Amino acid sequence: MGEPMRRTHFRLSPSQKERLSQAQERCREAAGSVHASAFVNVGDTILVDYENGFLRGHGTQLVDGQLLATVCGVVERVNKLVSVRPLRARYNPETGDVVVGRITEVAPKRWKVDVNSRQDAQLMLSAVNLPGGIQRRRTATDELNMRDLFTENDLISAEVQTLHQDGSLHLHTRSLKYGKLENGHLVKVAPYLIKRLKQHFHQLKQYGVQLILGCNGYVWISAVPPSSSEMEIDQKPADSESRQPGAGTSEGQNVEITRDLRVRICRIANAVRVLGACGFMIHPDSIVDTYEASLSWGIEPRQMISGEFHVRVVEREAEQRSKKG
Amino acid sequence: MVLETQKALLKSDGTRLDDRLPTYVRPAFLKTGAVKVAAGSAYAEFGSTKVIVSVYGPRESKKAQAFSDIGRLNCDVKFTSFATPLRGKAGQDIGDKEFSVLLHKALEGAVDLHSFPKTTVDVFALVLQSDGGDLPAIITCASMALADAGIVMRDIVAAISLSCVGKNLLLDPTYKEETQEDGSVMVAIMTSRREITQVTLTGEWSSTKASEALELCSDACQKLGESVFLVPKVCIEEIGNFAIFQLPRPPLRN
Amino acid sequence: MVVGLSAAEKVYIAGGIAADIRGDGRGRHQFREFNIDTSVIPQANGSARICLGGTDVIASVKAELSVPPPGRPNHGKLEISVECSPTAAPEFEGRGGEELSMDLSRALQRSFLGGTSGAGAAIDLAALSIVEGKLCWALYIDGLVLSSDGNLLDALSIAMKAALSNCGLPKVEIIGGTSPEEEPDYELSGNPEEFTRLETSLVPVIVTLTKVGKHYIVDATAEEESQMTAAVSVAVNKKGSVCGLTKRGGTGLDTSVLLDMISVAKRHSAVLRRALAFAGLFSSPNVEKRPVSFCLLLFRRLDANGCRTK
């Protein structure tokens, strides 16, 4: 898997390095892990059943009848289709993905949004809820007041509406749960660490923290917004939009953030950073697990980004995997 | 060696070569409205250091830059080729650029950038004659020029430098004194708010000496500021287009 | 470096600083973890690399034989420059990094070079003199920004201090006459055991205090730096003397606040210096790791130019 500790700045002592590599070895050996041969480098031969035929997918090339990888990543096989999914690459959007993005430009009738994809995504003025919540045609006045909704550098959550042939993508925020993000901060991880799930908005009620796992690798960690505390996001009926006008984009929902809440948000954020650096999948369970581990080990939030904590997280993961197996 | 330099810069009665006491600044001459075509301009003399600053704008920002709600302040400092004894002093290009940056930093806190959104104010400074304390002279002069141009400002900025030679602190040093200094301090202050907009310090200073030097500079800026404050006013009242301010100095001896 | 933050993020960062808990869990007066590697560049006389969180810088010291600066026959030369590589951020490409590098190098020069008379310099300039009026060492200290996540100035000053401590100067033997008229002859020792170290105990470290809202913090990240109203960088040496002061940011500061910041920076610098000593910095200089061939090359160049390298 190459160097597993990416984007980290600490140096490990020789004993820590030893412990880390042992734990990684155990993780690899544990049942359920992808077999080592599934990881390929550029130019590696991919084993395929030549007799029954195969379909050449993304990330592969045929040279002299042999199937070679063109990217570093994991071999994926679906029936006869063989492709390689790159691990370190930009976000590959799919329709329906929940993403977190940053507005880069306010253009006529649309916003450009950075979603860690190859191109900036487009959010059309017609694809957002206007304050007031009434469905109506967009007027010239709306167009002039676009910066009142979202301005440059604002962070938003949105859903991928359509993908186009030329690689461009359109977003929409036509739901109360989408819109401007407030009272928290952003952590970036590699997009492949976030699996597409049914639910990407999570409220960790026990901590009073809201977590948005953007499929594009942008994770938003914030205080639970007041409007959503009484409403269950996932079971929300579709017609509730008209009942709660404009809650998705309204400003000034600044809840009082206590120091304790900040510490909890910070611990969650650091848990995401650590998991991201160790290359473990990021989902609410793994985050809560890391959070609780840091508490039980008596580790301060700021010590969570130290080398020792990373090593212990990998060791712990190895133990859990070998137990399962 | 230290004794030698002291001897060279201070006379036996403790006054400097130009008869100033160490804590006295040079006589200053300040005038606004030096350049007709500019939106605002000012001319300043501190001893034989002479600078001229003109301000243009606010006008449309030329460069296509990212959207910005606030205005831009563009500062540029140039030395004339005859400003220094050696024509085109070595390494002067770097000096110009650094002065431009320091001028910008000293002024940006005082100018209300929100008052001219999406536009640029250009501040062009030209050092006609360089004889020590160039940068403070430019800063003081530029703040007058900005006031003359009718730019909304929080306060007037006045600046003074100080050299440490041996044990002596020499306020508003000349070029000769600057070349022998062991350390220097430059302070720019918004005078009526008493807030420091820019400060630089070089050389080794003990804490007590550093604070003494900073206090000395800020007091001098304060006094200078009071005079500067009057200049645009005097001009507005059309009493004359210039004003001379003689700061206290010891009587000349024959 | 330009960091775009939404209004909500800005409020959150400022609020965190007010509550004494920053985004990565640090308090206002806590530094990030840092690592120092020394002797990282074999072709330099001394070098060091420091990683301070996401900030990564290298400093190298190269020594060359030179003639003393005009007017100061018994002094050596000390020059400082900083380069921001486009590998650190795409914005640094072409002339993009120029303004930042100039800012950084000027702040470092202010802190390391002392007054125009040479007093208060980080390295005793008289110690760099070899033959008065004829020959001296010129030390070129170069900083390189590899990756930038705030607090570049502090990181560079630490790296430069470490590189200077790591620096070993080859021994110079004077063969010819030392009378004023004669052009003396010199020989650089190729023996890696023979070197002199620099006295670096008075090299200052810079502590930058960044003011965000009502409070100030140490070791700001790039995100926090984008929110500063003012920042004051104070260089402090072992004696507790202030060796340089640089202010950034547009907002004015009260004199009393400034003096308070200086005293806080002094406390932090003491902690930093202890950490530097603890990191085993003052270990072996770079000389033994330097290929001998380099010394010989320098020697030959000297011969050709009649002992006057530029």
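We call the chains A, B and C, going by the order they appear; numbering starts again at 1 in every chain.
The rule we apply is simple: contacts are C-beta pairs under 8 Å (C-beta built on N, C-alpha and C of every residue); 3 or more make two chains touch, one makes a residue touch a chain.
Only a predicted model underlies this, so the values are computations on that prediction, with no experimental measurement involved.
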Most distant chain from subunit B by Cα centroid: A
Two chains sharing the most C-beta contacts: B-C
Chain nearest the overall Cα centroid: C
Chain centre separation in whole Å, for subunit C relative to subunit B (CA means): 29
Centroid spacing, where centroids are CA-atom means, of subunit A and subunit B in whole angstrom: 53
Chain centre separation (subunit A, subunit C; CA means) in Å: 39
Numbers and ranges of subunit A residues touching at least 2 other chains: 152
For subunit C, residues contacting two or more additional chains: none
Touch list for subunit C against partner subunit A, complex: 4-9, 11-13, 15-16, 19-27, 30, 32-33, 35, 51-54, 56
List of subunit C residues in touch with subunit B within their complex: 99, 102-103, 106, 110-111, 113-117, 119-120, 232, 237, 239-255, 258-259, 262-263, 266
Touching residues on subunit A, where the partner in the complex is subunit C: 9-11, 102-104, 151-155, 180-186, 254, 257, 259, 262-263, 266-267, 269-270, 300-306
In the complex, subunit B residues that touch subunit C: 5, 94, 97-98, 101, 105, 108-110, 163-165, 178-185, 189-190, 193-207, 210-211, 214-215, 218
